[in-house]
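Structure, as structure tokens:
Labels run A, B, C and D following the written order; every chain starts at residue 1.
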């Protein structure tokens, strides 16, 4: 089996250059590629276009890359929890494309699956539809949406094997599987890296064909945004 | 006497039928879960990739890898399942979710909804709201009848940027339960306890349809 | 959790009527709904349109329903292994729509996911493209394909729970997950039916929301078309 | 002396590079797997939902739930993965498979391929062939240079119904290795042992491009 293992995050991201388009997995702070983000901060690349459902918080996740002004543009569905984001947006330093969450997920899935365009009802009659083709099917209106692809996808999984196969845990799966397929180069960080053959082939969420580099991450913080408990 | 948030949530819970898969938005809709009767068997969907949302965890069971769409830590139930965001919105778009309950800033008498953007304010994004309202067959809005500044939120046409067209089926407010009829208009179904039809008329800018005697809500 | 269990195949299929459109899972004879097919033979409904990648063999799978002349039309990608099929096709008793396998899979997936149309390169310049819109994206030509949906989907899984969650085994997964999502009523038969909670939520391939009825099948033959062994 | 099927498979195996994901069609392409050198690390894809096809099983390990696209019983390897048909063709359509090897009835000098239908004969269907040829960047055709009736299968234009346009990059036949050049034409790269350029010229109806000395295939 083809071996995709690299030593660590620094090695994995080293050829990411200024003005690249990146996809970063995660929903809120759950399932984000913490190690790859840290390595990007260290690498110091600028002018990045980041496709990610959210933009992190001020001091964690993509928020860290906003602080260092490495991000030129965010493509997201919701960017609510970040004051620095708001400041840069209002000052014109940062551009943002807001996309309905389902359309974002499906456009990324389409990118990985070689489907350049598809019709969805989300956004019909709204400003999301501006400039887009609309068409009626079976008496309902739909918008034509296009695929999204990235130069690099940075994803985070629970377990992975040396062949690049990935298994996610809980709701930390979210955007990670589609992004893994939509990156020209996909970098996967995992909490536990195991030999090829150690994962049940039936349990694999992302087949290794989509993953070009894999490494075992370290020091996962897994910060919780809304710690809600019952008594 | 108008309803508080819990009252609105309790009234909406009465709309729920056994066997339904339900997506609950943030705010009052989330509260609805607390008032679904035990003999009503439903499954709650979280659009970040979970079917079968359980109660909030005990402190020792908090798991950062298990959150709901409001980013709150949650638990699973026997029979829960996990999936990707693409699968989740496939479910939503494909019409597999039976009921969507969400908040709104404005609803029009055509069933249009505005709930994502206020011009001049920082726009945080629509999240999954546009997908939900464009896809669901049965959408109930939970909101206050009038805004903090006293303006009716039930209008002939929305003034704020639209989230979706012709989609809302029912509105439950602090004052009333209203159905949006196909020809356009808010048909008054029930009044909140102690609220008069005249009160509701005064608080409704869009076309209000009043037919016969209007019963008062029965809340337990 | 909502309980989807019905007693057996006969009960599960009892409201399927003449001229319905059905989807039937499976690739070749692997992962086919053996029990539901047997119940359809017994039920005797006619004029069925069957969407299935293949049409079984003369004495197994959908081939059995061809013999009893219950099928009016097949929508498939490959129908090679069936003499009765050929006879009925040539005599005009049976209609067939042949669809590229990937387009078939994606059209079914689109049906379940609420996407009425999408663009694919498969079939450009071929007779599959006749009457279809073609469009260029990024310098390559694509066809517009439409979703497929069915009145009933008949799928077969390895394990399932009372809430309708399904896990498939090996390459018997094939078309079953997409078909489960694309049926108005989806009937799942499983080799092993377990209580809700007995399956790891992370391992579930088809969430129960797509399944309206589930039952534990009996007497699986699992016939092999090409038994190839190494010494 | 032209090549037999095994010779064709051996020659195609020389095209394979380490790290590639490869889809092998039925017939000669399937044989290629037997001649990939041990030091070349590749993964074979089966479009019915398996990455990492292993050898045929021993009798006692035959599993009806584990077959390849030719419906033959197979095994898995360490690192294999399983998935649905939609995911599988997503992989193919998305360009993740590095090499596709398949048979053909005809190939044109533009790289068009016909391999699914003969007018007047029972049509069995295209299976996954149209998806594969429309999606793959690197397609090698394995076939006999002429048909059983003696007609060239390398033509200026296909006469049979097309499977895909402008897609074949290389053709390996019992007589030669040929590359299809962007401007159109079969560029002769290698001759089979004991086969002359004149033999190939005589068996090729489409435009044959011969530049300089043509080496003979080196087969082990």
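Annotations
Going forward, a residue touches a chain if its C-beta (ideal position, glycine included) is under 8 Å from a C-beta of that chain, and two chains touch if they have at least 3 such contacts.
In this text the structure is predicted, and so the values were computed from the model without any measurement.
Across the two candidate interfaces, A-B and A-D, the one carrying more C-beta contacts is A-B. Chain centres here are Cα means. That of subunit A falls 29 Å from that of subunit B.
Taking each chain's centre as the average of its CA atoms, subunit B and subunit C sit 36 Å apart. Here the spacing of subunit A and subunit C, counted between their Cα centres, is 33 Å.
Of all residues in subunit B, those that touch two or more other chains are 82-83, 89-90, 92-93, 135.
Shown for subunit C are the residues that touch two or more other chains, namely 106, 109, 113-115, 120-121, 169-170, 202.
If you sketch which chains touch which, the pattern fits none of the simple shapes: not an open path, not a single ring, not a star, and not all-to-all. Listed by label, the pairs of touching chains are A-B, A-C, A-D, B-C, C-D.
On the side of subunit A, the complex with subunit C involves touching residues 106, 110, 113-121, 135, 137-138, 140, 142, 146, 167-170, 202-203.
Subunit D makes touch with subunit A in their complex at residues 18-19, 21, 41-43, 45, 51-52, 76-83, 87, 89-97, 135. Within the complex formed with subunit D, the residues of subunit C that make contact are 27-31, 53, 76-80, 86, 89-90, 98, 100-106, 108-109, 120-128, 158, 169-178, 205, 222-231. Residue ranges on subunit C touching subunit B, taken from their complex, read 1-3, 109, 111-115, 161-163, 165, 181, 195-197, 201-202, 204, 207-210.
Residue ranges of subunit D in contact with subunit C, taken from their complex: 46-50, 55-59, 62-68, 70-74, 82-86, 88-90, 92-93, 112, 122-131, 134-135, 161-165.
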